[in-house]
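Some structures to go through are shown next.
Each of the next two complexes has chain A plus one more chain, namely chain B in the first and chain C in the second.
Moving on, here comes the complex of A and B:
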């Protein structure tokens, strides 16, 4: 046992207390933003499937609230970065939030698009098969968004990394939807204008899934410091290094990296 | 404000221009791939996308370092924050080019359906033109070139036309052609969206008017 005197930890300064309070408020607000968008998915889907257009305007107004809060959160993040000079994990938290804001905000916009498409195709019948696929896509899109927010709250990089695979289900539903639209149109159940709107609607739900996967990638960055773009950066560096080296005669060319089939937005898992 | 900080901001702007040049080159290769179906271009696009990713990683880190270290205010803060947003749009545009090239297996099938394929080609050229306009505006720090965007034909018109043509397809290959064309059209449309974001960011950067930020999220 040593005789080192116990030095009490210094009291946090008012500056630090305010910083942590700001950080906590921003974190709470990004979750609130996620919850607002989460609610818009079943609401917009109800407008589409029930034809009750009364709710459409409320949803569009709600998106204005999402836009306002998005800009506010992003500004607050940059203010905290500039005023408090955060480092390491706390800086990554703030960077992640600025990126998440854009993904959530775009998802809310997509639900507004669903609602507007519902208005455009008002009165057009939908086959039971199409209605079923839409309901499933909405459910899956909401599940993905919710899981991505859960991954953020729990700082769960394993869940965040799994979102890309979970999203396969939504991609498959999109393919089912396209087939169902072709079938319904060829059998004369829906006209071309309605078919176009339905194809767009399927795309909107699919993109909400893509945004959730992107949020997952940001969560992985927050927890580990890894970004999907790092893979490309490493490949690029390796290629430059290979160029600089003299290849020995008879050496076999080998490739250890493969491209992700969605253009580099995949997680490492 | 230190001289080195001023130099760093100027360097940052220059690097954004270089990255935009790379993405412009990727867009050119994508159009060439669509026109010729040359699979070798797909491999080139992968290498080019890796370079774009590397630039994005390094420049974004540099931006955050500047924010934390230099604590910029007013127009300098707007510049750094806008660059972060633009870098992200450029990187995503590169990804989307690659996504189109990944459809190499479906290329000949698409060529066999000219009613759909022609709209894809037209859309790709319009997207490229819009990107060039924004690229010029960023390089010259001038909003004047952006006026061309307002008078340009809306990309949405072509996206809708593409969907209509897709849904007019019939026969056993209809679904496969439709899915491939839909995916390519969607990627082009999204590059168009990113171009619009870059234009709005430049307007915000040069005028300081937050209405452009609101427009970006609208």
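Moving on, here comes the complex of A and C:
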């Protein structure tokens, strides 16, 4: 950082040691944050399926812990970024973590939503089909989250890239759920209010899967420097470029004399 | 408890040694080889002793980690299972770190953590400052003991529920009979008398079945009355089907079977029959009217597997590990209608144990349930595979 050769060894090394220790701590904390959210998935599902609302408060308290750690991690990331000016891989690592924090924190919130829905639905029975799909969705959502954390810890961009396809399973379960809700409602097993809550619940699990896919994308960025969203961005840019090409044609009519050579080149399209 | 004490003693030994060795080595390094080999041997375990100690600690089903200056310097095999540092292991790691930190400043301390998993676990953690022989603390050395208490908690729940359930199952029909009889005394209307007597009869039969099942279970549980024989599996299945045919017809349930030829096991014919009929009976009871139940018997390696699959409502995941307990009910209200005793699966489980086999369950709510009874083709093979005696003596007291 500073190019002063006069400064003897001890200071910068100590500085670097501290920097690397900070990095390691942040990395450990983001994995811990993932684990906290990971635990909330079966816990919230248990509240929903067993109807034991006593556990709901514990889960909400846990979400507060998630929020606290999220803020801490984010602040520490900014702190290191500002004070240590990391570059290349280490900078991408920190940027990835700040993005991951948001995804994990949101997933934990979704589990809080599940337990709140469980409270609202208290007493209304669910059909075995619905219970079965919920149990499978919870398992699948947790599996995806775990895989995304695995991809991060192992810096495995192949696994991270596969998450999108793995997520298809959860999307299918979401469709199964909608079907099961229609069936249960038409046969009079559940009322409309419960049907709406259940549809929302299915959506919450499905979103957790989406957040895991997002984490996967960020991991790809961390490892390769390429964010998969760029593919979409390129398509968008190409489309606007096409628009730009069209525009001069429209403009051509009014400003023919000023840009005749320009318009002549592009008019064939 | 004695095991824990023993382990802690053992671990203290190793911990002291490890910490002591660490110190000594550092000091020696500082002296740069000036120490004679004689003085190095003093207070140090020789290699075989050390290996023996480490191997013993690895064999202990309790986690032991030794910390020095809040850094782990030794972990036995059980503790190393939490090593991955991710998912739930990250939470265990954090809890241990915090505990060690607290123990460093405040002395011995403990904590408990509940993990949803999967697998769900309940861990009890304890941190103890390491002490020298005279009781003074040994610098920053901390010993952490990790105990998995999930199994113990489950057994406690089982014991608690069993007493409640058994009194419920026995007292309910007796209570009903008492009330019915009392009403009968002053009743003169013949139609009412008829109805009450029918109810009385029904309750008596119910109580009789429960007692019969309890007796069957205790005989099977004792495990010493096994009448070993070469048993033709197809024949056992056929007789089991006879037992449940009436119930199946009543609910218009079709039982399809697929049985490999020439399946022979060495076992107790009556017990096997009772296990398979219980599985079939359950499948019929928990299926919708007009549904199909499937029985498949095949040879898999040295085992014969009999699986019974229904397309009923399925069993919630949180109940799966408890359904083999005596009187355990997934849904109290529903079991009243099906008229079971709540002992069927316990019987199946103990028959499996007696034959050195297993019974496993797979279920998804809304899809159905499949039970698989796995029995070795002969007890001698079973004994070879499981290391247990074929009469089930050693395993009979497992729940």
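Criterion: the second predicted complex is superposed on the first by the 219 of 269 C-alpha atoms of A that agree within 3 Å, B and C clash if a C-alpha of one lies under 4 Å from a C-alpha of the other, contacts with A are read in each partner's own complex, and residues count from 1 in each chain.
Keep this in mind: a residue touches a chain if its C-beta (ideal position, glycine included) is under 8 Å from a C-beta of that chain, and two chains touch if they have at least 3 such contacts.
Bear in mind the structure is a predicted one, so any value in this text is a computation, not a measurement.
When the two structures are aligned on the shared chain, A:182 is found in touch with chain B, with no touch to chain C. In the superposed pair of complexes, A:67 makes contact with chain B only, with no contact to chain C. In the superposed model, A:192 lies in contact with chain B only, and not with chain C. By the touch criterion defined above, A:88 lies against neither chain B nor chain C after alignment on the C-alpha atoms of chain A. A count of residues in chain A touched by chain B and by chain C gives the higher number to B.
Contacts of A:241 after superposition: neither chain B nor chain C is touched. Touch criterion met: A:31 reaches chain C, while chain B stays clear of it.
By the document's definition of touching, of the two partners only chain C reaches A:150; chain B does not. Looking at chain A, you'll find no residue that touches chain B in one structure and chain C in the other.
Residue ranges on chain C touching chain A, taken from their complex, read 85-91, 94, 115-118, 120, 313-314, 316-318, 364-367.
Note for the complex: chain A touches chain C at residues 28, 31-32, 34-36, 38-39, 41-43, 46, 49-50, 127-133, 135-136, 146, 149-150, 153, 180. Chain contact summary for the complex, chain A toward chain B: residues 67, 70-71, 78, 81-83, 85-87, 91, 95, 98-99, 102, 105, 109, 175, 178-179, 181-182, 185-186, 192, 195-196, 199-200, 203, 227, 229-233, 235-237, 239, 259, 261-265. Against chain A, the residues of chain B that register as touching in their complex are 46-47, 49-54, 56-58, 64, 67-69, 71-73, 77, 81, 84, 88, 91, 95-99, 102, 160, 163-164, 166-170, 174-175, 178-179, 182, 186, 210, 213-214, 217-218.
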